[in-house]
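A short write-up of the structure that comes next.
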Amino acid sequence: MRKNTIDLQEKLQELLLAQRDNFLQGKVADYIPALASVKPDLMGISVATIDGQVFGAGDYQHPFSIQSISKVFGLVMAMNRIGDSIWQRVRMEPSGQPFNSIIQLEWEKGIPRNPVINAGAILVSDILTSHFSASKLAFLSFVRKLAENDNIYVDNQVYLSELKHGNLNAALAYLMKSFGNIEAEIPDVLSHYFTQCSISMSCEQLAKSLLFLANKGIDPRTKETICTARNAHKVNAILSTSGMYDQSGEFAFSVGLPAKSGVGGGVIAIVPGYGVICTWSPPLNNYGNSVVGMNLMADITEELGLSIYY
Amino acid sequence: MRKNTIDLQEKLQELLLAQRDNFLQGKVADYIPALASVKPDLMGISVATIDGQVFGAGDYQHPFSIQSISKVFGLVMAMNRIGDSIWQRVRMEPSGQPFNSIIQLEWEKGIPRNPVINAGAILVSDILTSHFSASKLAFLSFVRKLAENDNIYVDNQVYLSELKHGNLNAALAYLMKSFGNIEAEIPDVLSHYFTQCSISMSCEQLAKSLLFLANKGIDPRTKETICTARNAHKVNAILSTSGMYDQSGEFAFSVGLPAKSGVGGGVIAIVPGYGVICTWSPPLNNYGNSVVGMNLMADITEELGLSIYY
Amino acid sequence: MRKNTIDLQEKLQELLLAQRDNFLQGKVADYIPALASVKPDLMGISVATIDGQVFGAGDYQHPFSIQSISKVFGLVMAMNRIGDSIWQRVRMEPSGQPFNSIIQLEWEKGIPRNPVINAGAILVSDILTSHFSASKLAFLSFVRKLAENDNIYVDNQVYLSELKHGNLNAALAYLMKSFGNIEAEIPDVLSHYFTQCSISMSCEQLAKSLLFLANKGIDPRTKETICTARNAHKVNAILSTSGMYDQSGEFAFSVGLPAKSGVGGGVIAIVPGYGVICTWSPPLNNYGNSVVGMNLMADITEELGLSIYY
Amino acid sequence: MRKNTIDLQEKLQELLLAQRDNFLQGKVADYIPALASVKPDLMGISVATIDGQVFGAGDYQHPFSIQSISKVFGLVMAMNRIGDSIWQRVRMEPSGQPFNSIIQLEWEKGIPRNPVINAGAILVSDILTSHFSASKLAFLSFVRKLAENDNIYVDNQVYLSELKHGNLNAALAYLMKSFGNIEAEIPDVLSHYFTQCSISMSCEQLAKSLLFLANKGIDPRTKETICTARNAHKVNAILSTSGMYDQSGEFAFSVGLPAKSGVGGGVIAIVPGYGVICTWSPPLNNYGNSVVGMNLMADITEELGLSIYY
């Protein structure tokens, strides 16, 4: 089903070239100055395979703010730490609402629909804050290990901006706490949450760091078990139904892979048994997903026959 | 990845036996008398593969009311008839609400979230009613052809019961019409909808009739194109995010296949590139899904390594 | 507190003149052709007092479609017929939502917030349909008696238009029926509802016919008890909190009287112990209330010191 | 209409006696320990008239936590300070939802329905915090002046409890801030809000302090203008439609006066042109209103013929 990847490098160049002007159709996230100042015409794509190859084109080594893509790492850490008890505090159902809707959270008594909407990721941050003595450091170490790169950092300017404009996330956190579903102090939880959102990584780093999700939980390079096969399965399932905000269904239609996007313009997609794709282009569509990223993911997946729904 | 199916027949027997008493944990749908009178301890499972084999155990040849599973056939017919223009009248996003919620429909101005919740399926019924001179007959013919069986019928007692207890569906239909999203007369649309819900089929018939969805739109037995590969992909994508009511995410977690359930107790699951599984056991859990069906699907999928998320 | 009414006639002329051009700020209801064709610059005001005087200015004897003002008559009839048992099927709380919201109705399990939003009035129509052998005739007779005028009729053109465009009301009715809160057949209930909405009356007729609500239930002209003092009190209470759609609070602010408006452009206000005011001017504001009517009510009430909140 | 008050003192005793055991039907607020420890069988009633008389029975001089009754004082202060510009930040419509619903607040983009639900009162607290150099002190001074009593204090134990259990109110505040509708820092706003809620006053003090609302804004004892007649009118209008949480409509039905309740068990009712009634009994019904208070208000109003809807 999947084409030989011998000339994948060339193909990536070609696909990227075809998107050259499409970034103009989107709008860079401007809710914080630190994101708004990114150059809109940067774009990159990288593919890492479980047999050890890495391909890339364009600005695929340029670091960007990973934002909500960090929710994937956080979820894996929390599942590793507290096991299935996590599912008593957050559901695994699609949200069917914009990504930060407070309505559903009240409706369902402080239990977020899933761990990759904001409320759910804040809840995961509460778990990490409560179960690690230094959760921010633990998070960064986890990501660095997965990316095999110690030069991954939190962008402090982004972090401070997030904190300053984080009122809606604070509202979500206090609402959950009012239902008894947050254990740690809210400022600590939010500080962790905004820290993990403010990490900068490149397409290449992200693609490599998530390979274990395409390989039943095992890092194909080191053979180390990052999480159980079952948990890798769960993450992929959640990303398939809920990873792309209120465009998750459309992404399943046009691409057909477990994926997660961030408002920094990045998108990662897991191809079980094959590898990971990561794209980056800052301008977003109305759903908060990268315009060019959506196109690139559809093109590369079609080209290589990677969809899980065929 | 997928085990040899040489002793699948035996395995199905074994899995079914293990579920023998679990039907007691559920409750047969009782909103209409015609469904409430079904024997709760009937259960069956069937697997049809694209290479032409059919396996079965228990009451796998016993006809039951397919109910919402009919939404899959209706969607394929409508896509074949009016193409992608269908997506201007119904979205393809997970619903995040109970299957018949009227709230979301008002919120989103009469546009259903997807074609496999009730509102969406009523909209599909409107398309069929408007575009076929005899839509009920066309529907039955389509199903009979796919099942290669002319002895498939509408259960008239179920149909009359549905009609009599169909007030909520009527409310959904009138609400959509108030937004201008229904073309035909409501009584005609509902009559079509309740007719297709009232068809009786067996596990074996359902499994065989949906093989084209596991085979890029092509009936593997006749090589006939039932729908385009792209449309088969879309159906599988929708069933993955939304096919199991408000338990779709959990089903993705524990099973990991495109699937659709009905309140008659049936569940079908598509395994792309492999075949179709159908289970039947009338008692339902709180989400409206068959208790035994959920278990059987998890067991057989684990056993054969069929999940699309590994 | 209340000024001598000796020159009220002159005052009404003056207030009306001041509003001469303000109808231009509104928009005549256009959801049905029969209402859309009304001349927008017609306007009238009438005041009837419990001591037997009637004043009027402008087109105060010109009949118009009373629309939702009919809900007041229907509520009195239903309370007279089934007593306080009505409050088991409809609440008496403000709605806090647009007048025809289906969301709240689902949220509260088919129990309308109050009897003067659409859902509540449809429920009242169900009571009338179920408890009168000829409810439409009974309704018309009741209104004629109160207005002391046998030349009050249903506008059949309006009725047919309402019926044709009544999908949202049908949705509300079927939703309530799905919760078991409607007894009669929906088409009969809606036929009654649209009939009472389609009655034509003048400002003078409306003002006179509602005098009993300003006089503890007793018609001041005939001394006949139309309803109990307690029920008159309840109607006035409901009209105070909920009579002006989602502008009820603002009306309480600027006017301070129990009132009900209709999309035909009429507004009635009850002044307990004094009389009834009725205004008419077809163009509506965004809330569905007559622009000129809102102004006239504020002016006349201020002028005569009639507010119940001072 | 209103009976001679010559033996009102005796009547109050009698009405109170009749309620002696009814406190058992309610439940003392227990969300904070400081409130939960109040003796449930305390009860009192006081009536202050604009002609200078004060009546009382039972524990009418026993101080209790005024809680949400403080919203009335806060609203008057804010209207006095910033005039009608307040209505650009909060509406005056009934809420139609439980008193602390966050759903409506999101739905309406951070604009609270009215100033006497929690969100609205927090917004008023923001105005006070932003416009007074020492808003808590200003608030206390205002209340002391109205009550003509310098021995009114904040219960610090209640205050600390409120602060500790104030997560839902924090969520409301942060949500409004995310929509740009809060100016001051949230901790300051909440500190003010919980301070005013934690003031202790007796029935007699409350009845006397609110007389200006029954007298067109003028304190009848000192002839001082506390607020404009128009603003007194507005407060009474809001209290009529929204003062008793989601039982406001029922209160209008059974009592018919502008009123406000608090979870400390107090209820105040304004009788325009006559005076103020205050009752106190800690056990609450399901809506958060004092069981005995609801009864007493209905009884005294019926007895004296005070309803504004007759």
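For reference, chains read A, B, C and D in written order, and residue numbers begin at 1 within each chain.
To be clear about the criterion, a residue touches a chain if its C-beta (ideal position, glycine included) is under 8 Å from a C-beta of that chain, and two chains touch if they have at least 3 such contacts.
Just so we're clear, the structure is a prediction, and the values are computed from it rather than from any experiment.
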>> If each hop has to land on a touching chain, what is the smallest number of hops from chain B to chain D?
In response: 2
> Touching chain A and chain D alike: which chains?
Replying inline: none
>> As a multiple of 5 degrees, what angle does the CA superposition of chain A onto its copy chain B give?
In response: 180
> Centre to centre, by mean C-alpha position, how many angstrom separate chain C and chain D?
Replying inline: 32
> Whole-Å distance, chain A centre to chain C centre, using C-alpha means?
Replying inline: 55
> If you average the CA atoms of chain B and of chain C, how far apart do the two points sit, in angstrom?
Replying inline: 48
> Could you list each pair of chains that touch, in label order?
Replying inline: A-B, A-D, B-C, C-D
>> Applying the document's contact rule, which stretches of chain D touch chain A when the two form their complex?
In response: 101-103, 106-107, 167-168, 170-175, 177-178, 186
>> Under the definition above, what is the set of chain B residues touching chain A in their complex?
In response: 1, 91-97, 104, 113-114, 216, 229, 232-234, 236-238, 240-242, 246-250, 252-253, 256, 258, 272-273, 307-310
